[in-house]
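Let me give you the structure first, and then I'll get to my questions.
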């Protein structure tokens, strides 16, 4: 019994890992069907696992309601939201537009509730980028200074008014145009640094994957029982 | 799409937008309502999507046609659900093992392709150029050669910065210092280019709110805005003379 | 003086948020038309074609976008429609994105009321039909097979403007203003290339790189994102939402620059006054 | 590198040069037609399996014909019925096209030069997209013919048959395989040899700050938040983040500080529950572990962000950890975290969000540091061994870049650009 509990999962992890890695170098039809099949499996497993999440979030809000802990009223809105999503979804069988081209209730919910909520949360970034710049962009060191200088030049040059002011003031002293210089910074030093980071990440990712497939990193396997 | 649903849509959309914006002022009941409603709706949306667009076509239909393919992944999926029953919750480890093995196996070759080779592809160039058989020393060519040199130097110094098990002393320390500055240039450039997108997002939302002020929508935005401000004032005053609730 | 600087240095961020709202909302209400906008050839490529059309000739406009891409495409669509009405052209319009039907209708009615144009005589809106490729190929052969009824439901053949109009090959010029697919690539491949009519397009910032190769051979002009829309608005001398958009983004950028300067200068100024 | 491998290289160069010369000549050729220039059927026609594919392509090859200089055009035609059967036009090739180089294979996987090479795909011509048709079409045998023409005269070649087969090894990805084996080998070697001596590790400030961030949270009696990123467990960044959670949970277990890990995907939540439970029991405090440390919110990006922001403002956490891959919501989280005065430590490999983490968080782990954090915190000799392996991997990369650039420059210096482009193919992905 111990083998099943302790060793078998590691064997599964090793076999699946090696098979999927080797598949990349085999163009054969069987290998293509194999990887398509497995990614299909992944979708099905994720679908089942979603119920774990559903139970977890419902438990939190049911506990709040039962214990009347502060803010329990808002959990009603949470369950109301689920009902709205599920009822409109089932009424329109998951479709936002009918064949005839009319918008379904699910489509209406998506356009007038989900879209505005997503769009508005997303656009809070416009506010937070300003407050972050004012609070955090202080030049504490030369490094932060370089970061600030490059950011300022990029912000300045991305807008027509910026180019206009640049040409009106000190544009003449430079042999190149503003956008040419900005593009050079983007395509040479900045891109090379970005590449260096990505190459570093690729080595880290491969090392982590090897540790997992080889069964060295097995915290996810849990304890003794 | 009758006129009524359009007007109702405008009021609901403007109302929810203003509730989320109220979070900028401070955390308040209206934001909590919008937040919990938003979480609930997205979960309802996920459940609907799951049933109709994922479980249906991937599990129900194939099984109906006698294809037993989805049985094994269904077992692995059920393995996750054994976490509810402590006695057999060890079975979930087999499902974990499958998922972790799949991810690690898939990521090794794809990472080498997209994050290693593709990045090298754009960096390993000759430091000299030749046109029609002659070494080209024209201004453009020299400029290109210098750019290639900077490209390679930046990449090498950034890689040196990421050395973990080597003492950063002497030449390595110097190179890693240069690497840090190249990283700062990258961060500055990335920050600068993202700012524009954020403001056009904000412009889009305020543009919508502005359109919903029109008479056709029965002045949705102004009415809701006044109601929101009134509510926030009352709420803040109530907060001041009552000790903060948790 | 020092405590004023301290208060300024860590000012409550909500004042900054008010500044941001002001910077973005003000140009929406009243466009500032900030300087610096240079008109590019690709936008002129569309403007010149419409400008050259004699009064009374047909122009086709397809509104291929949805609410999500409204900030970028709505202004250019409005500008092109206004330009067509000012040149007294007869507009034959339709849309490939079902979710954009309401917006297309809004633009046409707004521009028509402004220019005093009548539906059925000066412009026609055929609406949406499923399967875009079939629609595009169909309208170049016989529009009445694809659109027996217009978007408002009356019989297309009965509209006075369409009396002697059979299909899109009779258009003096055609413009598609879109946010992705189905859109410009399909109009070029199944429409303009096949039936050799002059065509132009407008697109969002994210799809511009993909559409750039079509210009100038397969399309005479391309209006790229909000900047292109603002250029078109300046060409027809009616600064509106696109200008406001560009102004808003410019003001936003300059707000950040001022704040960056401020938060870094305060420590220096404090050192002097101490 | 076997010598015969260079043969195709030289032939390709000459072959590539010949048509270019031919094209130039034809432009210069007088308009008057030379009666002797008759178009003759192509010789040496072969229909082979297209190498390194899943059985979709047939590689049609035929000799370079003398009349190529007069800009002849070749039309490759296929028939699924018979040698005389109805012919379907597969591809049209001018005389200056159809070289081996156009197939896009690196030099170590390129078919023999000396003949024209054109790929045709029966699936594009004969299948109606239904799976049954696709399977039948790709297994069938086809009759192949090449029609040479110069606009007036037409000469058909004899008919050959060919079939597309599935191939077992993708030779063009040989460089990818070698780099992968080298790296995996280095990492495994250092893991097996890591047990003996203790290795030096440079300081990562962000990770040294973990200890006092937890201490501060304990003093203030406020919770600690740990986020594992926007992606599900099918991304290696999320796995790295959950391994770091294990290390941090071990430290938190000793103090009675509340740890909260809000999740956006259920599979990640399940894995993290197991890792957290294991961490608490390894720290000797299985009693302190509570099942609701890891909890699910929703999969939607901004609903999750709104919920976490709401929690932050209401519970005012003392420390926030943002590990894993993030998208635009990074600034929303860190800006609200900063407004409630939390110590914020981020570690991410999403290069487009690093600037926002860098300016708003107290410490930021950049790219590879996210993958080193687990080993760095655990100080377990085996895991630290992998860091050494990663460094040796980086040294190997730097050497190959250095020598790659040096050889390329040398190649240009002594005028052998052909060598340079060929050698640079090693650093490309196929």
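Couple of notes before you dig in:
For clarity, chains are labelled A, B, C and D in written order, and residue numbers in each chain start from 1.
Basically, a contact is a pair of C-beta atoms (placed from the backbone, for glycine too) under 8 Å apart; a residue touches a chain by one contact, two chains touch by 3 or more.
In this text, all values refer to a predicted model and were calculated from it rather than measured experimentally.
More C-beta pairs in contact connect the chains of A-D than those of the other pair, out of A-D and A-C. Once the centre of each chain is set as its mean CA position, subunit A and subunit D turn out to be 18 Å apart. Note: centroid distance subunit A to subunit C, computed from Cα atoms, is 30 Å. Centre-to-centre separation of subunit C and subunit D, using mean CA positions: 37 Å. Centre-to-centre separation between subunit A and subunit B, using Cα means, comes to 4 Å. Shared contact sites, meaning residues of subunit A that touch two or more other chains, fall at 21, 24-25, 42, 45-46, 49-52, 54, 57, 71, 103, 111, 115, 117, 121-122, 124-127, 129, 131, 133, 135, 137, 147-148, 151-152, 155, 158-159, 194, 197-201, 203, 205-206, 208-210, 212, 220-222. Annotation for subunit D: residues touching 2 or more other chains are 173, 176, 180, 183-184, 234, 236, 239, 266-267, 270-271, 274, 297-300, 302-303, 306, 314, 351, 354-356, 358-359, 366-368, 372, 387, 390, 394, 397. In subunit B, the positions touching at least two other chains are 1, 20, 23-24, 32, 34-35, 38-39, 41-43, 45-46, 80, 83, 93, 96, 99-100, 102-104, 106-109, 111-112, 116, 120, 123, 152, 155-156, 159, 162, 183, 186-188, 190-191, 194-196, 199, 202, 204, 208, 246. Listed by label, the pairs of touching chains are A-B, A-C, A-D, B-C, B-D. Only residues 20, 23, 27, 31-32, 34-35, 38-39, 41-43, 45-46, 80, 83, 92-93, 96, 99-100, 102-104, 106-109, 111-114, 116-118, 120-121, 123-130, 133, 135, 148, 152, 155-156, 159-160, 162-168, 183, 186-188, 190-191, 194, 246 of subunit B touch subunit D when the two sit together in their complex. On the side of subunit C, the complex with subunit B involves touching residues 14, 17, 20-21, 24-25, 28-29, 70-72, 102, 226, 241, 244-245, 248-249, 252-253, 256.
Subunit D meets subunit A in the complex at residues 52-55, 138, 166-170, 173, 176-177, 180, 183-184, 187-188, 191, 232, 234, 236-237, 239-240, 242-243, 246, 263, 265-267, 269-271, 274-275, 277-279, 281-282, 292, 295-303, 305-306, 314, 328, 331-332, 334-336, 338, 349, 351, 354-356, 358-360, 366-368, 370-372, 374, 382-383, 386-387, 389-390, 393-394, 397. Interface residues of subunit D, counted against subunit B in their complex, comprise 173, 175-176, 179-180, 183-184, 199-202, 204, 233-236, 239, 266-267, 270-271, 273-274, 297-300, 302-303, 306-307, 309-310, 313-314, 351-352, 354-356, 358-359, 366-369, 372, 376, 384, 387-388, 390-391, 394, 397-398, 400-402, 404-405, 408-409, 411-413, 415, 417, 420, 424, 427-429. Those residues of subunit A lying in contact with subunit B across their complex are 5, 8-10, 12-21, 24-25, 37-38, 40-52, 54-55, 57, 70-71, 74-75, 77-90, 93-95, 102-103, 106, 108-117, 119-127, 129, 143-144, 146-155, 158-159, 184-203, 205-206, 208-210, 212-213, 220-222, 225.
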